[in-house]
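The structures come next, written out as C-alpha cells.
Look for chain A in each of the two complexes below; its partner is chain B in the first and chain C in the second.
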Partner chain A sequence: MGQYIFPNLTGYDVQLLLKGMGTTILITLLAIAIGLAFGFVIGLIRSMRIPVVSKLLLIYIEPIRNSPLVAQLFFAYYGIAMVTNFSPSAFQAAVWTLGINTSAFAAVIVNASIRSVDKGQWEAAYSLGLTYWQTFRLVVVQQAIRVFIPSFVGLCVNQLQVSSLVSLIGFVDLTRVGYMLTLRTYRPFLIWSIVAVLYFVISYPISRFARYAETRVKAFGKIG
Partner chain B sequence: MIQVRNVSKSFGKTQVLKNVTIDFSQGVAVIMGQSGAGKSTLLRCINGLEKIDGGDIVVDNLSINDKKNVREIREKCTMVFQQFNLFPHLNALENITLSPIHVLKMEKDQAEKKATALLEMVGLGEKAKSYPSQLSGGQQQRVAIARALMMEPMALLLDEITSALDPEMTAEVLDVIERVARKGTTMIVVTHELSFARKVADRIVFLENGTIHADMKTEEFFNTQNERINRFLQKIEFS
Partner chain C sequence: MTFHFEVIFKNLDFLLNGLKITFLISIFSLFIGFFLGLVIAFMRISKSKLLSKIAIAYVEFFRNTPFLVQLFFFYFGLPELGIITEPITTAIIALGVNSAANNSEVIRAGIISINKGLVEAAESLGLTKFQVVRLVIIPNALRVTFRPLGSNFINLILTTSVAVSITANELMSNAMTLSSNSFRPFEIYLSILVLYCILTFSLSGIIHFVDKKFISKGIS
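Our next item is the complex of A and B:
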C-alpha cells in the first residue's frame, strides 16, 4: 500500500519526556520562589494601606494580572532584547516572566490574607503594648497563613499549567518535548496523553494538599 | 494619673470629642451617655488606638502626642473590648502570657505561673488549655480581663465589655470586675449597666455630644435633679 510507517517511541523519547517534566518542575518551582518573595513584600506593603504607595503598587500588579502571559513572555524574550543590550536566554525569560507573573497574583493573596484578620486583633495586641512587627509576627501571620495557604497552593497549580506557555519562546519544557515528539512520530493521541498524564502527576498531589490545607483552615481553633 | 486636656477628635465631618478636659486618678470611674456621645472614642484615645486631633493626653507624665510614649502608655492603660478580641490561634494561657513574655520580657515559667493565678481569680482555672472557640462569651471576656490585668496596668480601660453578652454572662463578668475593683485597681468603665455602676463606681461621668455634661460622685449622680440625666436614666431603666 506504500503506507508511511511512523517511527515508534524509543527509550530515548521516554528519557526526553522525563527530562521535560523535570524542566517544567524546575521552572515552576523557581517561578513560585520568585513569586512568593516579591509577592510577599508587595502584598505586605499593600496591606499597610500607606496612601500613595499602596496605589503605586497597583501599577505593578494590575497590568500583569490583566494581560496574557504569552504577551508577557514575548515582551521579555523578544522585546527587551530589542531596546536594551541585554538579551535574555529562553530559560531566563521563562523563569523571570513566570516568576513576576506569579508575584502579582501572590501579592493579591498576601494582601487579602492579612486583611482577612479582624481589626480587633491588631487593636487587642496594640493595647497590650505589642509593636507593629510583634503583632504581625505573633498574632496576624498565624491567622492569615490559614487563609493564605489554600489560595496560594491553588495559584501554584495554576502556574504549573500556564508554565506550558514557555514552550512558545522555544524553551524545552514538557510541552515543548510533546511538540517535538509529535512531529517526529506523528502520534499526537499517544504523545499528548502521556504529556497530560505527566502534568497530572505533578499537579494532582498539589491539589490534594490544597484540599487538605483547606480542611485545616475550617478546623481553625478546634485543634489549635 | 490620666490627664485629658482639651482633647478633640473627629471622624470625617463628625466631631466626636469637643475639647474634653478631665482627670482620672485612683478609683473606678464609669462613663455613661447615649451611643455616639464619644464614650468609646475617649477610651480609645487614651489607649492611643485613635489619634487625637487636638489637645493632649498625659499618662504618668507621658504625653501621647509624643509617638515614643504610645507603647508605654498602652502598657500602663490596658484595654478590654466589647468583642473580647482574644487571639483565636492561642489557648487561654497563651493569650494571657503573650504580651508579658514579648513586651515585659518576663520568663515563660514566671509568666505562666502568674497567668494561672489570674485565670483562677477569674474562675477559669481549668480552662487554661482551652482555645477561645471552646469558651462561652462570658468565659472569653474573663480571659480577656485576665490578659489585661497580667500587664499590671496603672488603669484598666473597659469598653462596653458586657454589651455582647446575655444577662447571665454579663453577671459573671461584672462579678469579676467588682472583685478587681475592690482590690483597688483604677478603672475607667464605659457601660450601660446601672446597678453595676451604682455598686462599683466612685464617680460617674456623663458624656453628651462629645462634651462632659456631668462629672459627679455616684450617689450624687443617681439622686440628681438634672433633667437630662434623669431622662437618660429612665430610658435605660425601662429598656
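Our next item is the complex of A and C:
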C-alpha cells in the first residue's frame, strides 16, 4: 500500500493542479458570461412570442441543446479551421463553444422565467401607463428572477462539469492537468481521485446554493 | 471553400458501425442507470439514516464531478487495482452509474408525489410491503417520471460521445478516426452534429408520443 502515498507527486504538481483548477473556473465563468449575454437577448425575444422570429430562434437553440458538446468542440476547433482562414486557438474554441452552448440553455431558462410571470402583471402595468421596458424592468424582472436563479445556478454547475470536455481539444484545464500527471507518474487511480475531489470542491457549494435557492423560491410561491 | 461531403457517403458503413455501438452503449447503460437509479431512490427515501446518507453521497458525488473524469477514473484508474478494463464495457458502466444518479433524483421526486392515501389503501387491502412497492408505488411513480426520465435518456445518448476520449469505437470515435484519416473535419463533424440532432429529435418525438398516447392518458 505504501506505494500509493504520493510517490512521484511534487509541490510543482500541486501547483499545476491548482492552476488547472483556476483555468477551469476561468473558462467556465467566461462561458457563463457569454452564455448569459446571448441567452438573455434570445430568451427575451422568445418571450415576446413574435410569430416567425420565435420559431427562427428555435433553430438556433434546439440543435445546440440536442447535439453533444464534444462534437461541437471538435467542429469548432478542427472543422472551422479547415475551411476558413480563421483558425481558433484551443482557448478561443473552448470559450466560445462552451459560451454558445450555455447561451442555448440560458435562453430557455430566461424565456421560461419571463413567461412564468402572470399576464395580468403586464396588463396591469400597461394600464398604469408604463412602457414595455418600464414594465419589464420594474415589474416582471423582480418576479421572473425567482424562477431564473435556481435554474441558472443549476446550469452553471452543469457547465462546470462539461467544461472538462475542452481538455479533449488540448486545452489545459484541470482535467488535462490530471491527464498529463497520470502520464508522468503512472498513478491514475490517485490522480483521478484528486481531480474528482477538486471538481467536487468547486461544484458542491454551488449546487448546494442552487438547492437552497430552489427551496426559497418554493416558499415564495406559496405565499404569493 | 469547397466541401467534400462524399467522404461521409464513402465511409457510411464505418460511421453506421459506430452508431450501432453508440446504441449498444446507450441501451445497456440505460438499464443499469434505471435499475440502479430505482434502488438509490428507495435508499434515499428509506427510514434508515445510513442508507439515505449513502444515497445522498452517491448522488452528490456523481452530479458534482465531470463525467469525463469519472470515465478516466474507471478506465485508467481501475487497472491500477488489478481490474482490467475494456473501452466499451467501461463506457457502459461509467454511463450507467452516472445516469443512475440523475435518474434517482427524478424517481425520488416521482415517489414523493404519490398520494399517501393510495399507499394506505393498498396496505389496507392486505398487500405486503413489497407488493405495494411493485404494484402501486413504482407504476405510479413511473407515470409521472416518464418524461423527465426520457430527457435523461436523451442526455445519456449525447453523453456517450464523451467515450471518444477512451476510443470506444462509437459514433464520435469513428468520426474522429475518419476525420484524421481523410482531413475533412468540417464535413464530418457537421454531419455528426446533424446526425445526433436527428437522433435526439426523433427520440424526443417518440417519448412525447408514447407519453401522450399511453402513459399520461387519463392524468389530468
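Assorted remarks:
Going forward, the second predicted complex is superposed on the first by the 213 of 224 C-alpha atoms of A that agree within 3 Å, B and C clash if a C-alpha of one lies under 4 Å from a C-alpha of the other, contacts with A are read in each partner's own complex, and residues count from 1 in each chain.
Keep in mind that, in the parts below, contacts are C-beta pairs under 8 Å (C-beta built on N, C-alpha and C of every residue); 3 or more make two chains touch, one makes a residue touch a chain.
It should be emphasised that the depicted structure is a prediction, and the values quoted were computed from it without experimental measurement.
Applying the stated contact rule after C-alpha superposition, one finds that A:130 touches chain B and leaves chain C untouched. With both structures placed on the common chain, the touch criterion links A:66 to chain C but leaves chain B unconnected. With both structures placed on the common chain, the touch criterion links A:121 to chain B but leaves chain C unconnected.
Once chain A of one complex is fitted onto chain A of the other, the partner contacts of A:19 are absent, as it touches neither chain B nor chain C.
Touching more residues of chain A than its counterpart among chain B and chain C is C. In the superposition on chain A, A:184 makes contact with neither chain B nor chain C.
No residue of chain A lies at the contact with chain B in one complex and also at the contact with chain C in the other. Interface of chain A with chain C (complex): residues 62-63, 66-72, 74-75, 78-80, 82-84, 157, 160-165, 167-168, 175, 178-179, 182, 187-189, 192-193, 195-196, 199-200, 203-204, 207.
Across the interface of their complex, chain A is touched by residues 1, 3, 60-61, 63-70, 72-73, 76-81, 154, 158-162, 164-165, 172, 175-176, 179, 183-190, 192-193, 196-197, 200-201, 204 of chain C. Interface residues of chain B, counted against chain A in their complex, comprise 47-49, 71-72, 74-75, 78-79, 81, 83, 85-89, 91, 98-99, 102-103, 131-134, 144, 147-148, 151, 157. On the side of chain A, the complex with chain B involves touching residues 118, 120-121, 123-131, 134, 138-139, 142-143, 220-222, 224.
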